[in-house]
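Each of the next two complexes has chain A plus one more chain, namely chain B in the first and chain C in the second.
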Partner chain A sequence: MSQPSRFLLLIGPLLLFLAATYLVPFLGVMRWSVTLPEPGLGQYRTALGDPLVLTVFWRTLRICAVVTVSAVAAAYVITLLWVRGSAVQRLVVELCILIPFWISVLTRAFGWLALLSNKGLINGWLQSLGLLSEPLTLVRNEFGVIVGMTHFLIPFAVFPLASAMRSVDERVLMAARGMGAGRARIFWQVFVPMTKPGILGAGLVVFVFALGFFVTPAILGGGRSVMVAELIYLRIFQSPDWGLGAAISVILMLAVGVLLAAMMRQVRQGASK
Partner chain B sequence: MNVLRPGPLAATLALLVAVFLMMPLVAVIPVSFTPTRYLSVPDAEWSLRHYRALVENPAWAEGAWLSIRIGVVAALVATGLALMFSLGIWMLQPRFAGLLMGLALLPMVAPPVVSALTLYFFLITLSKVNSVVAYDTWAGVALAHAVMIAPFAVVLISVALAQVDRRIDLAARSMGAGLWTRIGRVILPNIRFGILTALFLTFVLSWEEIGVTLFITSVDAVTLPRLMWMGLRDNIDPAIAAISVVLIVVVVTVVLARTAVARSRARRQARA
Partner chain C sequence: MQARPKAAEIGATGIGKDFGEFTALADITLTVGRGEFLTLLGPSGSGKTTFLMILSGFEAPTAGRLTLDGRDMTRTPAEERAFGMVFQGYALFPHMTVEENIAFPLKVQKRSAAEVKRRVAEIVEMVGLGGHGHKRPSGLSGGQQQRVALARALVYEPPVLLLDEPFSALDKNLRGQMQEEMRRLHRETGTTFVFVTHDQSEALALSTRVAIFEKGRLQQLAAPREVYERPANRFVAEFLGEINILPLSGASSDGAGGGGQFEGQALRATATDHVGTTSLAVRPEYMRLHLSRPETGNAVAARLDHLTYLGAETRLALVTPGGADLTLLLPTAELPAGLESGTPVWAGWSETRGFLL
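Up next, the complex of A and B:
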């Protein structure tokens, strides 16, 4: 058997499979965006001009920015202990990262409902302690969405941060100490700058994930703080406007593509340095 | 020597994050024992009614069984295709390997909602020509899940292959082994563990998949996550708490067992 035919035999099936189930149908979605309800770019004009859609875009960007910063900061703290802590600390932290990671997004969103809703645990405690007379609205708003998404995304930020922290050369830290730097100074002026690629990588992973997030905002936002993904769902299934839903999907895909291309460039530059 | 051992401040902050991560999982437990029909915390009376509901309402068992069937089929299809693809890339090292890899990983990096809409388009198009692999059928869901999880299998198997010593394959080839002998007798035994991990992870991903499933099912193919979604959206049903506790117990058991096995293996290796 010749080289090219073996090549096709092994590599071909998955590529054909994805072409048939993903690439071609995505072209179909793109066609929807320029043909429904009538041919033209009207849906893109609506998507980029309609105040309602723009509100959703801005809300999505705002929530994603907050979630990215809080998830990466929380992940940095916990990863530091995972990588550099004592044996017991490492074990505890590892379990607290892995267990939530394997639990489904629905269970985790439900847990937050149980904690944050008006009759939930947090309001119950605060009221029984006499600190509150009226329950706080902690869920079915932007706050609930941010908490739930941060919770979901922390483990995804941990893995890139851990690999960055593990690759820090121990001798550099020792040199800093040898030259008289204190612990705080070693941390802020040596360790943190050396893990900067990991911070950027983690931030980008979290941001890209958050952009297309659907389940957590839909449950914890309670239909009140709709994000882009939920808007697409609503346009397809509730107020059938397939063209607009498709156009927003194409815009979202482009945005993520640009972000990923920027990340690849960053990685390649980092590697060539 | 550990120059930068985390101090008390770092340890406290990390502990707070750990509590934050575990909090919603713990919160589910008391809620699952509530005697009421709505989401609440039991004060005096603890009840097992929601666990009984899981057993008595056949929808839960049906949903779980459907999710298992879909997960097994999707994991086998995805891992099989990913295995062939990764083997091809590893053995033949074609030009444009990076581009081909990017193509194979597309469903993983694209926003889930875009994948969901794409697969919705795909399945309603298929529905026009057949009723087996179609919108709102189990075979349709299995196919869509296979698309979504195949990239994860590609990543895991490629990582396993990257650790195989190329020289053993070259040795086999120089002694006259054909393509299939090299794959079956030399390479596959070396990546056994990676293949099993891929099967396991892809099954779990399909078992909990909800984003795409919401777009491609309505009333017939109700998987377990889809059933939970319905209980979460309308009136919050405490039975969701009961099923969540069951799932959490399974995950905690598996993670603890895996950690224990990994530690004892590490200890044995350290001694040897």
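Up next, the complex of A and C:
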């Protein structure tokens, strides 16, 4: 058997599986978007002309951008401790990354609800300390959604960042120190730029994941901060608008595809320089 | 550029470094003179790199004292010493262009933008990188990266330049070229250079003095010619180049030299600064091949085992009747015709060329 055909034989089942579980259903969704309730691009026109849909798209984008920045920033600090910290710091970070990893997204969302709600732990403490008279609204709004999503997504940013930080040549940092550079300068002008591919990669992973979030915004947003995935769910399961839901899905898919392609190009250019 | 008075003198007194139970360095005392080119030479694990790291300030010694122009710097951290340093593998900033790499130390020192620009342009020319200023390191060849590393380490005129095996990644031709370059940079900058290598010919070719390390101890510190021709001990003699060591019986030495018996032949060495009396040592290139016993000088009977053609030179392996191996290095042009394995020959050398070990 020749090399290429053996290769196909090995990878073939995987391709078939992916086609059956992803491609076929997605093609079905695409078909709905141009056939329900009648053939044509009418649902796309409706979707892009509907102020509600546009509001949700815009909110999704905004929440995802904020979540991406805050999750990557938090993950950067955590990863720094993990990769370059003392043995104790490393252990603590590992526990803080791994334990939430094993807990379901639902449990974690309810956990934040318990912490952030008007009668939750944080408001309770702040009020008992006399710092607040009225509870702060920390949940059932965008803030709650952002907190919950950021917390969920931090571990996903840690791994690309860790691999970027581990590949930084220690001698380059020593060279900077030897030339008289202080810690802040070495961090901002040498270490951070050298880990830029990891930052971009982490940002991409977090952003793409965040775009499709459903459970966390549904629970912590309390119906007031509806994001795209929840909108699609509502269109398909709670209204007869299957075509519109499908059209929004396709638009989301396209947005993710374009973003991925742009970022991949960016990363590849960075690597070839 | 003119030689600058900026070059510094480094003093090391009783420097030691322990890593737990392991002693990496013990009792190193030496002075690196102003504007000197000192090479730290030794096999891997000999402590030479550890000593360089202690000089740079990246490692702290566990014993002893360091001075810079007479002032104590034992506890001064690397960033305050700010010696120029060229690392193995160059350690260039991959995200910066050649010019940005070289400008980095000047910006750390908060020099004016105009000065940074002028100095960078000057040194880029000096190391022969004109036209490559806007490239990233990954777009340069190994030799070019080496030049960037040198330029970056020299641009701020540090009092001392430390180099950690900078040529180990280069091929042989490029290595020779970069050695020339280093010699020129040393002359033009006048800075004190301390250079680590395990390549003995590099050390002999470049340095004003060579410090030879073995098992964490300084074995000898002297000019290249002296360490080669008057090694302080057997380790140095064997580490630097090839050497024939002939065990003597009835050896003795006096004010005019020394000598003894080797396989029935009386051998003498006229040098008076012997380090031992049990063996006579002579370099292969100082031995001559004779078809009959030469009338003057030392001579040992042997037969040819095999010869290795090296181009300009030929290496001859001889075996004495007593079974000792001898190596001779002859200019190929002086090789007698008709030599073959088993030919009886004599190896002869002048009494001034050998020394007692």
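Operating definition for what follows: the second predicted complex is superposed on the first by the 252 of 273 C-alpha atoms of A that agree within 3 Å, B and C clash if a C-alpha of one lies under 4 Å from a C-alpha of the other, contacts with A are read in each partner's own complex, and residues count from 1 in each chain.
In this section, a residue touches a chain if its C-beta (ideal position, glycine included) is under 8 Å from a C-beta of that chain, and two chains touch if they have at least 3 such contacts.
Worth saying up front: this structure is predicted, and the values here are computed from it rather than measured.
By the document's definition of touching, of the two partners only chain B reaches A:L98; chain C does not.
Of the two partner chains, chain B is the only one touched by A:M253; chain C is not. Of the two partner chains placed by the overlay, only chain C lies in contact with A:M194; chain B stays clear of it. When the two structures are aligned on the shared chain, A:T107 is found in touch with chain B, with no touch to chain C. Of the two partner chains, chain C is the only one touched by A:G182; chain B is not. With both structures placed on the common chain, the touch criterion links A:G85 to chain B but leaves chain C unconnected.
In the superposition on chain A, A:M174 makes contact with both chain B and chain C. In the superposition on chain A, A:G42 contacts neither chain B nor chain C. Between chain B and chain C, B contacts the larger number of chain A residues. With the contact threshold set out at the top, residues 174, 176-177 of chain A are in contact with chain B in one structure and with chain C in the other. In the complex of the two chains, the chain A residues touching chain C come out as 169, 171-172, 174-182, 185, 189-190, 193-194, 196, 273.
Contacts from chain C toward chain A in the complex involve residues 56-58, 78-85, 87-89, 91-96, 104-105, 108-109, 136, 138-139, 152, 156. Against chain B, in their complex, chain A makes its touches with residues 1, 3, 6-7, 9-11, 13-15, 17-18, 21-26, 28-29, 32, 74-75, 77-78, 80-81, 84-86, 89, 91-100, 102-115, 117, 119-121, 124, 151, 154-155, 170, 173-174, 176-177, 183, 186-187, 191, 208, 211-215, 218-219, 228-229, 232-233, 236-237, 245-246, 249, 252-253, 256, 260. Of all residues in chain B, only 1-7, 10-11, 13-14, 17-18, 20-28, 30-31, 38-41, 81-82, 84-85, 87-89, 91-92, 94, 100, 103-104, 106-107, 109-122, 125, 143-144, 146-147, 150, 154, 179, 204, 208, 210-211, 214-215, 225, 228-229, 232-233, 236, 240-241, 244, 247-248, 251-252, 254-256, 259 touch chain A in the complex they form.
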